[in-house]
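Which chain is which? They are A, B, C and D, in the order written, and residues in each are numbered from 1.
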Amino acid sequence: MKTPEELVRAASAWWTTEIIDIKPGEIAVRGYPIQDLIGKLSFPQMIWLMLRGDLPTPQQAALLEAALVSAVDHGPQAPSISISRMAVTCGAELNSAMASAINVLADIHGGAGQQCMEMYFDMDRRMKDGASLADAVNAGLDAWIAEHGKVIPGFGHRFHPIDPRAVKMIPMVEEAEKAGVVAGNFARIGRQVEATLEARKGKRIPMNIDGVTAVIYAELGFPAELGRGLFILSRSVGILAHAWEQYQQGGRIKGPMPPSIPYTYAGPARRKLPDSI
Amino acid sequence: MKTPEELVRAASAWWTTEIIDIKPGEIAVRGYPIQDLIGKLSFPQMIWLMLRGDLPTPQQAALLEAALVSAVDHGPQAPSISISRMAVTCGAELNSAMASAINVLADIHGGAGQQCMEMYFDMDRRMKDGASLADAVNAGLDAWIAEHGKVIPGFGHRFHPIDPRAVKMIPMVEEAEKAGVVAGNFARIGRQVEATLEARKGKRIPMNIDGVTAVIYAELGFPAELGRGLFILSRSVGILAHAWEQYQQGGRIKGPMPPSIPYTYAGPARRKLPDSI
Amino acid sequence: MKTPEELVRAASAWWTTEIIDIKPGEIAVRGYPIQDLIGKLSFPQMIWLMLRGDLPTPQQAALLEAALVSAVDHGPQAPSISISRMAVTCGAELNSAMASAINVLADIHGGAGQQCMEMYFDMDRRMKDGASLADAVNAGLDAWIAEHGKVIPGFGHRFHPIDPRAVKMIPMVEEAEKAGVVAGNFARIGRQVEATLEARKGKRIPMNIDGVTAVIYAELGFPAELGRGLFILSRSVGILAHAWEQYQQGGRIKGPMPPSIPYTYAGPARRKLPDSI
Amino acid sequence: MKTPEELVRAASAWWTTEIIDIKPGEIAVRGYPIQDLIGKLSFPQMIWLMLRGDLPTPQQAALLEAALVSAVDHGPQAPSISISRMAVTCGAELNSAMASAINVLADIHGGAGQQCMEMYFDMDRRMKDGASLADAVNAGLDAWIAEHGKVIPGFGHRFHPIDPRAVKMIPMVEEAEKAGVVAGNFARIGRQVEATLEARKGKRIPMNIDGVTAVIYAELGFPAELGRGLFILSRSVGILAHAWEQYQQGGRIKGPMPPSIPYTYAGPARRKLPDSI
């Protein structure tokens, strides 16, 4: 049986955080008074500070910013975007429309970057255990395929033969590597995955946006789960922009296709309920 | 009866957007090739471009950035933050935890900025219709109270006697006003609301973070609904950071209080089901 | 400054409910031990007990059950259903797919029943204030249209010239009226709304499922908000069934239309970023 | 390059369902006209029909109904329930409050029944492969623990020494077994799990509500995923009831604990931002 003092201590400890300290008239984030951060930190620097507790160098922040800018949208054929737009026509407020949409950035739709990071980390561990780059990537790919099937996260794209976002960002990572901003381990692994896949398939399966942002986030020291988290922060911008555009366009109870195109019913023909029910 | 050609046109037109154009190997946002934006635009500039279709000046972007940085978190006593943390302990992935949390940034918890902008816009319209600043604010406050009750969005705070975020940002707006970055109409309205409230109540009800970000977003030309949208983009950072911290802390099926503190049952005493059921 | 005892009492009182009492080895719902309810109450009776604290008669429960059965699904062109299906292909678990879908049962998509009940209640108040049935309905319709526009919730259907669910349920309500199960005030109001609309428009605007379930829920004594709540409990069945069917069909990142049908881009042509950015 | 006819066919086939057929004035569920089901099927029978396409016997429906009734609520210390209540005080409508709550019925909070079914199915497969009941359960438990750790889903409860819901339902399953309503394979497996756990631990780890509803759903032929689905349909009732009670109680931006109990900040002390940022 606990004393009231112990119960109050337990209640207070139930919600424990290292992120933010709030007292009347006072807010500090990771120890820094909020008024020192506003107008001083960029939004990506603030994101970094909130997630990790330390501050990036300007060069690290620039890489993070590029990755955040790259993934904001991929159009209304993406389920997250169409859901956001449909939600608005159902009467959902912007926060609700965004919630329904962000909720589907799940393992398959929003998880490729995270999965790619996990794959890179596995390959990196193999190198730390003594494997060469080529062997680590080979073994890592085999392990990935054995566990998850043939789709390699971060490589190839069902729509883009070459992903213009990756084309832009791969050299940015290489420059950061040369300038010593990042160590380059994951950039090398990413390039080797591409080379190995090409050797295996006889054709190029180029790195896509998920593959290159996974390189960037891994080089910057983020864990895989935050790879998805950062993608969500980025894609939320597109989800909001499309919700807002739909709001302005109007529409009520917008289905996935115009009502003039019927869906297909493939179930049983009309039947009578049995008497025994 | 529509022809197949008409049906395909209708289907294509069903999803119409001015935001993004995607072709194989090609992505353009508001007309700009994505590769021209990555590494060039800051994340706040990209947010502005996505939401509005044009580009901010660097000075406008700086104000937007300050506002985005200011609102990222207000600790685990905020329902959105505690929900995000509880969700993780239920087995929700980060995207789901964020969705449950963002979903409650509704009219009361996440809508104060939007409501404050609506109030400012109403006062601004009264000035455009010929009222003086003092009269417009007086009449606008009366109209607000008549429709929504005594809580004035953006002014006063149940926890902070003075909001340190507002203390920092109010002079930033005033500087932007002097430098001609913003016109200052809404800054003047905001200051007048504070003055009128003080005259009415006999004590200061200082502008809080919602009141000053509402000034900034209104000065920058955002509609009220996007005031909430921008707040969500900002608070999502805290929601993610706390979800991630909870994930690292562990815990299973975390309730709102430690189990040692019982909730209060205030319903009927034990009773027997009537026979007639 | 509160004492620890006061703080513990405040914490305990923070979560106060009349619904359920839980002690180790003991659960009571509205005062009834859970073991007395399981196997004894029907699911609709349990829903009634949970929401209201008392028990329906078997005849009342039968009406509620019919209404719950009637609204389970309206096919994949309904945004809630297509969202549930799309979510599954994004990797969402069933609970998440259901959440994204239920979330869009908002004012426009899921709120017609609630709105119709509010309209009926307003007409009923007018009768209690002395108006005749015809006058109360006339004035109630005028008031509704003045505030919400021309769409009358619960009457007419954009797809069904006559709603087969309403056709079935209207006589059920009338029988319940004759048998004295319900008082019939809202059934009369519903019929009068139909008559008045026909007189105004020169054509029949028949009561739809929302109009007749609104009659039933109002006759049974539910408040308008729970009209939406009960609709959600019913439609959740369809949302789950479609999520599960999609899960079995497979598919990855299913957009609203097949990728072979492009969406329409209506934004600016390709342009160059200005140098000043 | 597809012809317009082919595109329309592809669009129509994109949304294919065996659940519901809708034509103007006509709705059929699994082949049965909706008007034949309303007033005839119980809500649990309708749930079964929607999820599976066939109809249960009255005895099967009774078991399903008991399971649905049993799991509606477990009080405000459950994260799903407290989230629903907090959401309402943030201004969320009932559908949104329910969505945020249902969303956290994830693997840990809402998945125990599904996991227990998967464990039972694994044991059943071992018996079909020739193992004795005792061996199948032994091996199944070992396999479960090896993959998921020591928590056995469906057995033991952190709050109830004996779960009163299980106490009531276990004999119901046994009666159904004797009456030939169910085959009893999973009831036997469930009892054996309890016996094996007692032999291993030297104390009874009694079957809880998840364990017994898993027996029922497995006996009735539901797949494991729908075990979670049915639990969600049941718990949604409690989620709605608590949302509605909170709505009536009022409150604005209700956090997890009263504001008089501070949370614990465990991060770095106040510090100055480095000049290099």
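Some notes on this structure:
Criterion: contacts are C-beta pairs under 8 Å (C-beta built on N, C-alpha and C of every residue); 3 or more make two chains touch, one makes a residue touch a chain.
Quantities reported herein were computed from a predicted structural model and do not represent experimental measurements.
Hopping across touching chains, the smallest step count from chain A to chain C is 1. Farthest chain from chain C (centres taken as the mean of C-alpha atoms): A.
Annotation: the chain A:chain D pair of sequence copies touches via predominantly the same residues, more than half of the used numbers being shared. Annotation: 28 Å between the Cα-based centres of chain A and chain D. Separating the CA-averaged centres of chain A and chain B is a span of 22 Å.
Each of residues 7-8, 11, 14-20, 22, 33, 37, 41, 75-77, 82, 92-93, 96, 99-100, 103-107, 110-111, 159, 254, 256-257, 261, 263 in chain D touches at least two other chains.
Taken as a contact graph, the chains are fully connected, with every chain touching every other chain. Those residues of chain C lying in contact with chain B across their complex are 8, 11-22, 28, 30-33, 36-37, 40-41, 45, 53, 55, 57-58, 92, 96, 99-100, 103, 256-257, 261-274, 276-277. Interface residues of chain D facing chain B in the complex, by the touch rule stated above, are 3-5, 7-8, 11, 75-80, 82-83, 86-87, 89-93, 96-97, 99-101, 103-111, 158-159, 252-257, 259, 263. The touching residues of chain D, counted against chain C in their complex, run 2, 7, 10-11, 14-20, 22, 24-27, 29, 33-35, 37-39, 41-44, 46-47, 50-51, 62, 65-66, 68-70, 72-77, 82, 85, 93-96, 98-100, 102-107, 110-111, 159-165, 167-169, 172, 225-226, 228-229, 232-233, 236-238, 240-245, 247, 249, 254, 257-258, 260-261.
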